[in-house]
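Please go over the structures that come below.
One chain, chain A, links the two complexes that follow: it is found with chain B in the first and with chain C in the second.
Now for the complex of A and B:
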């Protein structure tokens, strides 16, 4: 049994699958709660286990259980850890209504947050991993969690999920980037997780105010280009990238208006990570 | 026939752009500044097409027919989107 502390959420995970146990011990090394804390409340009770069917003898599978229920079809056993990560994303996105949730990576520098929203394939996780490997603090790779009263970004420090070519790009460019196992032939192609730096876990209770919203787009032949984006259009795109904007109704609208009004908004096209990192460093220095 | 805002309608100017959120349709819309002006006028008090034409005459260089067309089309769209409602 694991008790994982990723404020503002506490996760209880039960599994006897060795690959998951190894990955959890590696990726969440600094987030595992001591045994004496295990009687405390957990937000999500998850179990990752092989379904008890005859299939386990010729094509073993793994199932994701939340409160004993199975919201997903089983996956191949080899994808057990990514299944946990995807399932936990779903748990947070579909059960959290006290915060505004955006599909975005969030990093911090100089106590100011940078949100990187984007549709799958836009290059946000690659950029996030590059920035985190270059000294920015990781708040979250998958979702921006926003306090609706204070507009602060709340860290949810978890592994950065990288796919296909971006795995090699980051591992070859940053010797300090620590990767787990590669999972082949998933629905998203090859997936590997980058371990968040220890410092990001240590600071996982430190919330940050938003400074920049940047919509990244990776284009293989594109020179680095940062252009200002109208705030109204930024809000519309953030709403489209939100998990629970519609559920929050007018509160979500007003939170996004306040958030965007206080931020500098850009779209960003890039192909060279070094140039991208330099540019964001320049932005951070302008404070 | 007069028009009033639907309950729970939210509208804000953010930067240079104007945004409207309808609680009824759950839609968030970017609207033109003149359409936004209509919402502000209707929020002040329920309006008829004639009173809106009159109010907009002070701030727009439209011809009378263009102004009336714009207001009618915008009100029709806003009604469809659940932003405003008719009071008979």
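Now for the complex of A and C:
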């Protein structure tokens, strides 16, 4: 049994699949904790195991159980760890209404947060991994968790999920980037996870105020271009990128208004990661 | 006899202040059971009413807060949906009569506080069914994509139209013209229910009379055969009993009405299990009157099945007989709902569809 502490969430994971055990020990090395019996409160109770069916003899599968229930169809056994990661994203997104959740990567420098909202394929995780490998602190690769009262961004430090070409791009450009296993032929192509730096885990209880909202877009031949984005447009697109905006109702709208009003909002097109990193460093220095 | 005393969510409903003694592991189990049973928000309001909400430790408190935020938005959405249904029917002089969850909320019943439901259920006079169907479909409530067999089955034998869904908002609407399938052995007369409606608020929204609301809830739970929300539903009954017993003469009215619409057996189960599980205060007379309904053996068997089936659908509440009990009660519900010559072909067809892997909807 694993107890994974990724504030504000505590996750209990039960599995006897060796590949998952290895990946958890590696990726969540700094987040695992021993727990006394009477202190066992977990937000999510997950089990990763083979479903019992005759299939296991000819095509081994793996199933994701959340407190005994199975919200998804099983996947091939080889995808057990990515299944855990996707399943946990789903658990957080569909049970959490006390925070505003946006589909975005969040990094920090100089005690100021940068949100990178992502449409699929826009390159948010690639940019996030590059920034984290260049000294920015990782708050989250998958979702921005926002305290609706203080408007602070709450870290949920978990592995950065990279796909296809991004895996090589990051591992070749950054010798310090530490990767786990590569998972081939998933629904999203090849997936591999980058381990968050130890420093990000150490600071996982430190919340940050928002400074920049940047919508990235990777275009193969594009030169680096940062342009201001209208605040109204930013607000609408953030709402579209939210997991629980519809449930938060008017409170969600008010929170987004306050956030966008206080932030600097940009569109960002890029193809060269080095230039991108320099540019964000310049932004961070501007204060 | 399996008595569900060790189930923590029940203990809290019966005696809320025991949460003061809970360690985090007990809070963990409480939140899981309550979440799975669909009563997390109900429990949050109960703890608030008892002045215990401030005592909840931070970790479990997050879950209660989350449930309250959800229910606030849910209530707002339901209110808006009801306005739209009301408007759709108004021009055709079809009154809006609410059943189940939506009725509890609109009638301001204790059972409506924190109550989540996935469909809005309404009752329409059989003679107005066609008009209502047309009016609703004009405003965007469409039948879900079900096959011809199911369409005909609903229309010929059931007490409701096939489920409707709004094509834009995705909200679900069930239009009933009775509260039990027409084929069931003790199908009550819908006219009797319609003659006894109560208006809630002043805006022309109606619900069943208090005693009919209870009987409908009991019928739905004890003849419906589905127990995914069984725990929440028996908790509804507990809350309705507690609330209505404050009115003078309520128990007489309820017992007479049960006889009148031939639902004494359903009421017997409702009273028996509400009392067994939640220790609901029930008048001695009422207990005496209904307790003779079942023979000893039958009562023993039904206790065995229902007590298990009504527990929260969470692994910590199961024993080795839980799955079996739910299955037996599912089969029983079909048995009660249809005569043999209809039931056998129907179940054969359902099994065939399942075996061949065709989806039913």
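Going forward, the second predicted complex is superposed on the first by the 282 of 287 C-alpha atoms of A that agree within 3 Å, B and C clash if a C-alpha of one lies under 4 Å from a C-alpha of the other, contacts with A are read in each partner's own complex, and residues count from 1 in each chain.
As a working rule, a contact is a pair of C-beta atoms (placed from the backbone, for glycine too) under 8 Å apart; a residue touches a chain by one contact, two chains touch by 3 or more.
Remember, it's a predicted structure, so these values are computed and weren't measured experimentally.
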Which of chain B and chain C A:230 touches, first, second, both or neither: first
Partner chain(s) touched by A:249 [first = chain B, second = chain C, both, neither]: both
Which of chain B and chain C A:112 touches, first, second, both or neither: neither
Dominant toucher of chain A (residue count), chain B or chain C: C
Partner chain in contact with A:134 - chain B first, chain C second, else both or neither: neither
Partner chain in contact with A:239 - chain B first, chain C second, else both or neither: first
Which superposed partner A:257 touches (first chain B, second chain C, both, neither): first
First, second, both or neither for A:10, with chain B first and chain C second: second
Common interface residues of chain A - those touching chain B in one complex and chain C in the other: 246, 249
Chain B contact footprint on chain A (complex, rising order): 230-233, 235-236, 239, 245-246, 249-250, 253-254, 257, 260-261
List of chain C residues in touch with chain A within their complex: 23-25, 27-28, 32, 35-36, 57, 59-60, 62-63, 65-67, 69-70, 72-73, 76, 314-315
Chain A residues within the chain C interface of the complex: 8, 10, 37-43, 45, 67-69, 95-98, 246-249, 251
Footprint of chain A on chain B - complex, ascending: 8, 10, 12, 14-19, 21, 23, 26, 28, 30
